[in-house]
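Dropping the structures in below, format is structure tokens.
Presented sequentially are two complexes of chain A, the first with chain B as partner and the second with chain C.
Right after this comes the complex of A and B.
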């Protein structure tokens, strides 16, 4: 029960940093101070395993990015830059990729980082026993990896993969110590070992994870302000699921940094001297409603179109989000290349919605005004993950419920904790849902809407929640994923998005923003562009 | 209010009149003194709540679910005396329409608790030593758990929802009532008038129905009035935790939960549903106290 967990966590003792709330704002050019503890409170929930190869979700990536590093990184423009790898050479046919590794990097347990380590990691991610969903999908075209020499790992592919380096840049495909992996899943889940500026030193379940500085750190990502060990001694990573409590903890000085802020709190923090807000559009899919087209009533395209034509989103985006987000008309986030916009396909037209429902046979209405067909009510089951949807978003869903009611839909909202929600999705026990999917490439469309991904990954999660199965779309997404010709990719992704809009499978709402609030005593905090995750290697806390 | 007061009065009066001499006290003259200003106010509040529960349209003709995003987060003003919430719904309308689910949960849960307690309590008091031992130990085990925890346990097993949370609160209150009924029934069973009835050859059913039950129930009846207030608070607590009414149902606990996200910017979203819970619980408690005093005299 997530609500119970919320109460427990909210009442858990929070360690305050001495005197940090009362400090006056400091200028940015002050010199870094080594030492100190930073307390981070996350609203994304507590991972069940700290190894992001297992499953592979946002909570794992957030806490893991400062411990586990990737072969590649991305710059602000989305271009691939070296990190643990120095570069990659792709063969003529696109089926062999040689990744050159940087020399002199070691995992924090002393194991050297080399080609054998890369092989061990890729093997671990592809092993069905690892129960990966994100990494295994990203590596779908990789058939094998071998160590050509200590500093070259050769990836052999079944088809060309234009998104391979982008995939490898994500924390879910981060490099972990082979000796750590060899300890077995349970031990590795407790404290995976990486090359990053921090080390997992303690995990008190339902309370906090402690990260301690890696004194031997020498692999800072491109764009970092300094190389060498981090300034902070420790990071205390706390779990406060309740948005209002999290912001109150920041305001009172109990924590220094929070994520997943409510829009009204963003406005309040941005206008205050004591707090600042860091935002970045998460790459991948926009926040959107997925209509389960595999089962009644949304297996009928007319019913889907009627739902979308009656779900009025814009007034809610304006009033609930205080101008912090813009409406999206695309399944791709604005920070993902090739995002199209189909504003006309999402226009509100209740007359059209009523006509479509009449045509689809939902002609009579019961005493509540809900449409009926053959004795069945037009009920739309909507499970909501209270971990993934902030309260403002849940209010937006209530408004969609109210506007679609006018044409005769009975939308039933069910707020669920993360595991119950995954269970509902896994058994296709829903008609509409909102699922976030972060991926730093337009190839996210293949993950989310290729018919192959109706079949669940080893973790049990099937990313194609809309149950989209269109051979023409599959062909476009496959071609776009294989070609290295930018013009072909652009044409294919545009056509794919048009197919999705025409078929009314998805209702895009707005971009998923990373909203990090922090006390102005915290200096040198940045977001790594790959997944817009906070990087603490350059961060220090003003005494 | 005027509509209800004779009914409540006669309810309170009837058991005393019907039990000539058995309880051993006369109440006739206490009537005027028991109902002070506070009690009259409590009666008035309960009257208003009952009207809100039965005919909410009379007090608030609007639709509690009607949204108007352009009117979101309005502070209390003319037209929206309690302000509006994040979707522009009128909070006054929602508080009025929220009376029915909140009161129904409170009353139904107490009813379930009393019914269960009657069975357990009477079985323990009149069922012989073995039954008494079994039931009493069982009640002691239940007592080891705080009531709300017991309710949470039931919800964890049977899933959230209005029906389960009502049953859960009812089950959680049952042990307390059962104990009181047991000791009261035991005391009454040993009373001279019951012995007299036995000597006169009355049937067991008649003794139970005419003599033991009414007298064992008198103190419980007073407790029920107090218990409804507690049940309302518990039901609201469960809805607040997301285990009762589902959004965006107009229910006080659920409204509190939705409002707490905006505590810093829109205090009225939590204040008014919170006030409704406090007032409803206080009114039933004040009335229960008055009845308790009256019974003790």
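Right after this comes the complex of A and C.
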């Protein structure tokens, strides 16, 4: 027979023990531990070339940032901070920029980092045979670069460029070993050589890239928690295209860090004590609908305004994204300076939409309720890139389809793979679309809405998908892109965004979020503000 | 005999030519520019010079018919060309990826056979209820799409129970979920045809006479009925190979497993024409070889097929319906 007293004592003991366990810190040791492997699973896809000068997309920047470093970095406010360069001096006329380089840095093949290396890199990016798209566009105003002395690289420009240092902070314009570049494109694509905390040591195509620690690392960006070599021995960079598998791999401990999380996974991970979520708004444009104003029916401002007044997106954002994103009323991302919000221009008003459509001549309706004008139905072609729009976003587009139907639009959604989608955009074969544009500068507005960028590149690509052509806007964007006066930039960008909102060319939806999920055993993980890319120079894994 | 082999070889060559031709023109009909695949993927802002240089280098500035003839010419000499997106010879890419896919397909086929045979044997012994249960299971299994089954298996066995890895690993544990995903629906198809054929065989005169000779129940089943039951399964296995490869596209993507299926998907999305055709040719070749193999296996299982003058198709029919009215 067990005595009652015994049971009570035992219970008290258990409760006390439980109390102790709960009170103890969740064993977070703030002392970094050197060694270990971290497995990162990306959903952004596998680069076809690890050298981000070639082409220049997000998968390359993600895996490359911890190997290939840039001249500058940015802090959380978007301000330029030193990295491989300590600063820049801009001449009075804005046409000469002297970049001062830090001393004592070497590429991991032993080649010294100096002004000659900068010249070799910029020459490589501008060489047509490199087939750069992002870097060459960012260097559009740079006519030449020369080494004034070993630690000074002089950039000569055709026009002043207020975004030059921001451009140089992007991984797509990272510095690579000139000796590595000289190996030729195939060898350099396999394993470009940088100055970063890690080195590309192996690439098993369609499986993983292995990064190993650079023992001689001494060039951490401003804002890093420590200088000197990284803590991790290796990073295994895996390509896991399926979002559900990626999250399951994190949950089952197969991988330590994942990106491209879906909203429901973000909520599940954030509410668990085993996982944490790191989010950051990608700089550049917000995620937004671009209305093709160059062709019917959206060449009529009234029809554009009717579409925006009837496209009710807020309920969809609330129900489909589980509170993981906030509605945006700005064409610029919240992480990009000079963003301006115009909430009133995007208010829902069905009566106004109906009136506008009546005024525009879309007066009769067919049996489906779609408005008609001169025998034409009010059809809105909406190609969707399934690579860029996550499932929740595609559902949101369906809700937009439903709410605009009430006033008589027939929105036809066409989910397309990336090549077909770009082909549709290139031939202006769309009325509305959603296109991502990541750039760490408000100068993104010039790229997206200057009338010059209606003209397609030789590949057919044109960034100005809304077909915006307003001389006043062009002048504002050009001036803002050239001036180094912050007050003028602010005034110009505000006026430019007001013109876009008034003309109903764009419907902002929300920020494009980088959503990184990680196990709580991973410590010291941060996002580099420039492109919101994970930085592993300060990261360690608890045993 | 030599004539038959000749016809087979010619048929195989025709299949390969047709596969290469359809793929070649199919890829040109869908939107997207192969020159972009070479210059950093869709949406690149490559310069006019770079595009012109690439088009000239790869012959993309020629008319499509010239390109087609040149491509066929290279294929005949055994040159599969170079992948635009991976910057490697196509033969090398396929060599690196084919092992994983063949292992996956072979294991899935074996597991599907085991399940189908087990189900057919059990259900034909267990009376009406067992037959109905088996039939229901088979229909459900055959109807389940790979992507759904894979996601459910991951949720149950990786996320919840933590028994098996979600992402395929090199070891045997990493193969379990991909193999089960491919094998279950296939077992449904195989099981349906085999069970019917076993039932037919059990009711046929030769079983009655075997029993009359004093053959034991297991002897009847293993020596006589199984052979008959397996015949349509063997015939289906050639088709199953192609079906498994198409399933591998989904399964390799979901379980992040390297292989031909994932290679093919990426290549199509990037409009990497040489790589797509290379993979399609290899799969078509595998399909041709599997057809020959299943033909040979049918002959082993059914000695009547090996008799002079017999051709596979004509004799297979009476075997499938030995006693139509008995059920």
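Convention: the second predicted complex is superposed on the first by the 506 of 543 C-alpha atoms of A that agree within 3 Å, B and C clash if a C-alpha of one lies under 4 Å from a C-alpha of the other, contacts with A are read in each partner's own complex, and residues count from 1 in each chain.
One rule holds for everything that comes next: a contact is a pair of C-beta atoms (placed from the backbone, for glycine too) under 8 Å apart; a residue touches a chain by one contact, two chains touch by 3 or more.
Remember, it's a predicted structure, so these values are computed and weren't measured experimentally.
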- Message: Let me test your reading of the model: by the given contact rule, A:502 touches which partner, first (chain B), second (chain C), both or neither?
- Response: neither
- Message: Quick one: is A:215 in contact with chain B, with chain C, with both, or with neither? Answer first, second, both or neither.
- Response: neither
- Query: So, does A:244 touch the first partner chain B, the second partner chain C, both, or neither?
  - Reply: both
- For A:57, decide between first (touching chain B), second (touching chain C), both and neither. second
- Query: Who does A:207 touch here: chain B (first), chain C (second), both, or neither?
  - Reply: second
- Query: If you stack the two complexes on chain A, which partner ends up touching A:424: first (chain B), second (chain C), both, or neither?
  - Reply: second
- Message: One more residue to check, A:406. First (chain B), second (chain C), both or neither?
- Response: neither
- On chain A, which partner touches more residues: chain B or chain C? C
- Task: Check the residue A:189 against both partner chains and state whether it touches chain B (first), chain C (second), both, or neither.
- Result: second
- First (chain B), second (chain C), both or neither: which does A:262 touch? first
- Item | Residues of chain A contacting chain B in one complex and chain C in the other | 244
- Can you list the residues on chain A that touch chain B in the complex? 1-4, 7, 243-244, 247, 262, 264-265, 268, 315-316, 318-320, 386, 391-392, 394-395, 398-399, 401-403, 412-415
- Task: Could you pull out which chain A residues touch chain C in their complex?
- Result: 41, 46, 48-49, 54-57, 128-129, 131-134, 136-137, 186, 189, 204-207, 238-242, 244-245, 248-249, 251-255, 417-424, 457-461
- Query: Once bound in the complex, which stretches of chain B touch chain A?
  - Reply: 65-67, 69-70, 72-73, 86-88, 152, 155-156, 241-243, 246-248, 258, 260-265
- Message: Help me check something: in the complex, which residues belonging to chain C touch chain A?
- Response: 30-33, 35-51, 53-54, 85-88, 93, 96-97, 151, 154-155, 158-159, 162, 165-167, 169, 253-256, 258, 262-263, 266, 269-271
